[in-house]
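I am attaching a structure below and will ask some questions about it afterwards.
Chain naming follows the written order as A, B, C, D and E, and within any one chain the residues start at number 1.
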Amino acid sequence: MTSSALLPLMILVPFVGAGIVALLPARRTELFRPIALLTSIVVLGMAVFMLVNFKVGDPGYQFESNTTWIKDLGISLHFGVDGISLFLVVLAAGIFPIALLGSNPDHDPKPYYGWLLVLLAGSIGVFCALDLVVFFVFFEIVLVPMYFLIGLWGHGRRVYAATKFFLYTMFGSALMLVGLIALAVLHQKAVGGPLTFDLVTLAREQALSTTASRWIFVAFAVAFAVKVPLFPLHTWLPDAHTEAPTAGSVLLAAVMLKLGTYGFVRFGLDLFPEASVWAAPVMLTLGVVGIVYGAICATMQKDLKRLVAYSSVAHLGFIVLGIFSITTQGIEGGILQMVNHGITTGALFLLVGMVYERRHTREISALSGLQSSAPVMAGVFTLVMLSSIGLPGLNGFVGEFLALLGAFKGARWWGVVAVTGVILAALYLLWAYQRVFHGKAEGENAKMRDLTWSEGAVLAPLLFLIVFLGIYPKVMLDRIEPSVKALVVHIDRNVEGFDAKDVTPKIAPAAKGAEHGGEG
Amino acid sequence: MTAAVLQNVLASVGGLPSIEFSSVAPSIILALGGVLLLTVVSVTKDKLPVWFPAVWTISAAVAALCTVFRLWIRVGKWGNLSLISGAVGLDRFSLFVIGTLCVSVVMGALLLEGYLRREDLEGPEWYVLLLLAAAGGTTMAAANDLIVLFIGLEILSIAVYILSAMHRRRMSSLESGLKYFIHGAFASAFLLYGIAMVYGATGSTNLARISTFLADNVITQNGLMLGGIALMLVGFAFKVAAVPFHQWAPDVYQGAPTPVSAFMAAAVKTAAFAGMIRVFVLALGPTYRDEWRPMVLALAVLSLLVGSVMALVQTNVKRMLAYSSIGHAGFILVAVHSSTAMGTSAALFYLLSYTFMVMGSFGVVAVVGRKGDGHHQLSDYRGLGRIRPGLALAFTIFLLAQAGVPLTAGFLSKFYVIRSAIDSGDTALGVVAMLAAVIAAFLYLRVIVAMYFEGEPGDEVAPVKVPAAVSVAIGIALAGTLLLGIVPDPVTHAANEATAELVAPRR
Amino acid sequence: MFTLTETWYLVLAALIFSIGAVGLLVRRNVLVMFMCVELMLNAVNLTFVSFSTALDDLGGQTAVFFVLVVAAAEVVVGLGIIVAIMRRRQSADVDDISLMRG
Amino acid sequence: MSNPLSDLLRSYLAVGLFASLGFILVGLLLFLSWLVRPSRPQAQKYISYESGVDPVGDMWSQSQVRYYIFALLFVMFDVEAVFIFPWATRVELYGVFGLVEMLVFIGILLLGLVYAWRKGVLRWA
Amino acid sequence: MRVEMFTFLLAGAICLGGALGVVLLKNPVHNALSLVATLFGVAVLFVNQGAYFLAAIQVIVYAGAIVILFLFVIMLLGVDRETDEGREPLVAQRPLAVATGLAILGLSLVALLSAGQRATGDKADLAPLNQPGPDINHLAEVLFTRYVYAFEITAVLLTVAVVGAVVLSKRTNEPLIDLDEFPEGTVVDVRRRADDAKAQDEVDADAEVVAVPDTEGDPQEGGDD
């Protein structure tokens, strides 16, 4: 794999953009938004270029680049993208301009756009880092801008929410830091040679004893559980989402939450296969509890944004369910759902933000009969809501179905309980839609202006993706499958008594011609 | 090169110890710098420009730094030396520490320059004592003999006692000086009693001879030795403000003038830890490791927890920084606890990055303290983000660095320490250390919240005047904190090579 | 009668050291605290000399030399600070001084 | 321990005996007179005697501030002198080395003295 | 041998008596005098062990200069009258202090008594002690050749002390600016005292011609401190 400078460039450009924004004098407010937009467009272009040049059948890492950062500690700037992380990087790069255009800050835009660009750099870096320490660095770097975004431009109890968000994640990442250092040190003791934090070598050599790798997996799992967020550690999510500014909550939902689930796949299954299988029942239970708990809480919410936040908890529960079913379909479903959730929930948050800009309230009780005053918005909201529920033919369904398929094979009883989650999801969203959009519209609700062209243009790509991926997910599945298959084979080889209960995927209209011989 | 001439004149006298002056050049430059500054200013009687002492101090510190580099290369070529009949150990460990001390002197002088003019205190004594304190610190760092180490420690401590009591118009400055003096004297007595006991048990105060003696023969009745180790540890723990010997630190940091608290937090801690590593890890490490490590472990864990938890309840930012520096001392104690070469280089790297972080933070605190150095409550920081965004951003970076956020020196130093702890087998200690860091992070967030999030745009905030010298110091600190975090290779490499070695003196 | 070994001296020195330490912790008057510090340093000197005699080695006695110098410097600076405080105020009690209790 | 030491001490024994004898005698006399004399304490008897005149002011007159700095500096240069004593006894052994060594020592302290003098601290008037 | 034992017991008794005197007596002057007693006891013990020069220095420097300095400061500040120990600011102060004191006492005793410690180091490591001739010569030989570095940095230490003494004795009657900084509770009497201090300073100013120059009207002074 020739070392291509694409990925480091994609990380560097936003940093440069942030630097330019920081250096400009605060008076020139009109400059910051275009610069931010331009930078994100450039990054999006690079992401599309990467998507186009991605060799479909190749399970390994592509566009790799590897330069040593700290020689004494064996830390190297090793970047690479494979089937699993490709679409997450594209999602991050794609959702960013949309979130940028979706709303503008009410006071001092200079630091706002500066922190946003740093957030973009961090979120791209975290998905394509293949060195444990570099991953950790970006994992924490993403924290600081989000803290300031929530803290400075949020609403209501923003300081409390920001601090709670920062400390929860810091707690998790502190454990992860100790875990990854222990991993590297024990690996060096077992294998000898120089200390290295390179994910590929560590995963390949699996030099740790089972107890040690289980302990370290637990440390990683806590950090990712905080990020996902899984049930007991999720209390920061509703506050952070509701208090964050619209762009902040869109990015939080689309990118930040995926850190946890991506971490489980990349640093859970890949790095500690045996420990993941050992911990799978616990994780599945937490995932399923998350689905049911999220759904129940969502139904009781009086604040629209908080409702969407809790729905994220439910959706992420599905992703964890898919991942820890440890079957090809399950993991594929999980990864697909990560991307779909980013698109759908991102669109939902944008819509809620637009309602908030018009009506300055998010209370469901205060909003009613918006359908009559804003029919186009109601229509768009319906489409996005249906995708979030998982209506067949839209992108939500594909991911959930694959995850449930994998769950039924790998973890039957968890699958059964998870299905009830689908029904609950339909319940709370439809009920909320009915209360907000149907009924009589009087007073403020009546005069609410409809979706403007600019807002429509911003939402259009998301709507297109929702429909396109719902009908033709094969374009994504072809790229994800080889890497996931390689991952499952890697797990199978490293864990005795684990039969890769695999089933050939027979879904999707254009079913793939080639039959899969067994594990393939 | 009069030193060379003088040197071989002396060497010609038979049987006398040959003094390679170049080997102790840094301490000589700092000491003579201080003394000559004293006389030059007192002789010329105020005909010198007001910035003269500061420039003199900085040039002396920079000159000392250059000799450190030259000696670093020389030691690289000819290996470690024990000189002046065993009193001084010239090895890369002491050179690294001396380098850190010179950095803290430069930054201390810059902070003092801006501070003194604002408080309209004057007199070269501040700078003289700064230089002499640094000279004491360098002797301590390179001391191969317990007595030389003790005298170096005393020079450093007494100079800082006076510095902290010198702000004439603040009663709390006088009191912090007195409180620091009493605790310091108490600690020195304990340290000295420990040295006496070790002398009794091993027959010599020279570290090299002690370690060879302990290696050669096992003392059956080692009551004296254990007593000596315990008492010395108490003495060092006092100096480093490790819990439970830390009661003095918050009051003294709060009372003392802010640049002096900065120097205290950075240089005194660096020199004390260097002495501690030299005595415990190098001399007593190979033989008496299992005796002193549990004690250091207890000190480390207590300092980590108390340092971060107590900081949460403070409302005065200087007291907060005092408690957080106790937390940092706990971290360095973790590195000392591993008592391996890796642990030592982790401690060294931590001390250097800590010097940059703490000097920068106290620089900002000194500036926000406004005239009278009294405004240190959290409420005084409200709205700083608006009126002086640059200063607030710098302080945010220093605080996040102390919390251990990546791409800063703080992260890498904590990373290094945790690695050395895990490498010597105590992962649990690593977890405790990181959890303490998270608790401390909440403290730093409170200050950031005060600066940026509290206070409506409307209410006016007292103007903060940032003198030029202080902004230069904050700039250096910022550069150090970020460079050590992003491009740490040369420094980590140097820290790895900075292993110390006890060379037995030629009889 | 017993032979006079250095253990006797060491025990005496330990006693004086402890009395000095207790005195420093108990007494509130700053001047008395200083005297207790001097007591402790004297105890250390006695220990050094008795070890020096027992080990038949001059190292102990040279150490006492330097301890003396340090003690003198410490007292001068300590009393300098005390006089500076007293001129600012009248009473020498430490509790008035602990103005900055945390 | 070594016996030359004890006959040194023995020679002091005579001095010790003589001194204790003196103390005992004087003590005995005072004790006897205390035993015998009547004691009728009146305030008048206890005022301090200032050659017949009524005593003025406090007994402990507060000494002047400016002499205090002299005491401090005295201690410092007294300690310096303590270093010079042993040096003087073996000067011929060190030769030039000892000379330079002591010159540096005294020189640094001299600079300290010059500083104190220029600071105007040493004015006695 | 018996004479040595006798002098040890006598001098030991004096030392312990003096040490207890320093801690327990009320009047600082008595404390200072009992400190002198301890110093003499220690000096006798030095003589008992053959360190004559050290005994002489102990008497000259310690008893002669340092304790006199103590007495001088006691007289200067008029703190010689009984200071009432009754008022105990920190309620837990006294039992806590006594407890720690006993702990330290225990530590020292246990460390020494339990093992019946004998010096276990190797003999004559630096230089043999009992050579012929006065001990001052042997000391001198070692002090200025082997410990030359320690000797030179002592000069720096003394200079620091001189600078400290001069700087700290500089009198200033500029008003205190940090009194309002401390919460009301702790500074109740300090503010009152500060006012007395100012009154006292005025009294000082005119009562004495202050050699420490910061009285303004001192023409030939030139730039003072």
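Here, a contact is a pair of C-beta atoms (placed from the backbone, for glycine too) under 8 Å apart; a residue touches a chain by one contact, two chains touch by 3 or more.
Please read these numbers as outputs of a predicted model, since none were measured by experiment.
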Fewest touching-chain hops separating chain A from chain E: 2
Intersection of the contact lists for chain A and chain B: none
Partner chains that chain C and chain D have in common: B, E
Innermost chain, taking as reference the mean of every protein Cα atom displayed: B
Farthest chain (mean CA position) relative to chain A: D
Chain pair that, of all pairs, has the most C-beta pairs in contact: C-E
CA centroid of chain D to CA centroid of chain E, Å: 15
Geometric centre distance via CA averages, chain C-chain A, whole Å: 66
Rounded Å distance between chain B and chain E, as computed from the means of their C-alpha atoms: 27
Length of the line joining the C-alpha centres of chain C and chain E, rounded to whole Å: 7
Interface hub residues of chain A, defined as touching at least two other chains: none
In chain B, residues with contacts to at least two other chains: 16, 35, 38, 45, 147, 151, 154, 158, 161-162, 165, 171-172, 197, 199-200, 203-204
Sequence positions of chain C contacting 2 or more other chains: 4, 10, 17, 20-21, 34, 51, 53-55, 57, 59, 62, 65-66, 68-70, 72-73, 75-77, 79-84, 87-89, 98-101
In contact (per the touch rule at the top): chain pairs: A-B, B-C, B-D, B-E, C-D, C-E, D-E
List of chain C residues in touch with chain B within their complex: 10, 17, 20-21, 24, 30, 33-34, 37, 40-41, 43-44, 47-48, 51, 54-55, 57, 59-60, 62-63, 66-67, 69-70, 73-74, 77-78, 80-82, 84-85, 88-89, 97-102
Chain C contact footprint on chain E (complex, rising order): 1-2, 4-5, 8, 12, 15-16, 19-20, 22-23, 28, 31-32, 35, 38-39, 42, 45-46, 49-51, 54, 57-58, 61-62, 65-66, 69-70, 73-74, 76-77, 79, 83, 85, 87, 89-90, 94, 97-98, 100-102, 104-105, 107-109, 111-113, 116-119, 121-130, 135, 138-139, 142-143, 146-147, 150, 154, 157-158, 160-161, 164-165, 167-169, 171, 176, 182, 186-187, 189-190, 193-194, 196-197, 200-201, 204
Parts of chain B lying in touch with chain E, wherever the complex brings them together: 16-17, 19, 24, 27, 31, 34-35, 38, 45-46, 84-88, 123, 125, 128-129, 132-133, 135-136, 139, 145, 147-148, 151-152, 154-155, 158-159, 161-162, 165-166, 168-173, 197, 199-204, 209, 213, 219, 221-224, 226-227, 230, 372-374
Contact set on chain B toward chain A in their complex: 389, 400, 403, 405-407, 411-412, 414-416, 418-419, 422-423, 427, 430-431, 434-435, 437-438, 441-442, 445, 449, 452-454, 457, 488-489, 492-493, 496
Chain C to chain D touching residues, read off their complex: 4, 53, 65, 68-69, 72-73, 75-76, 79-80, 83, 87
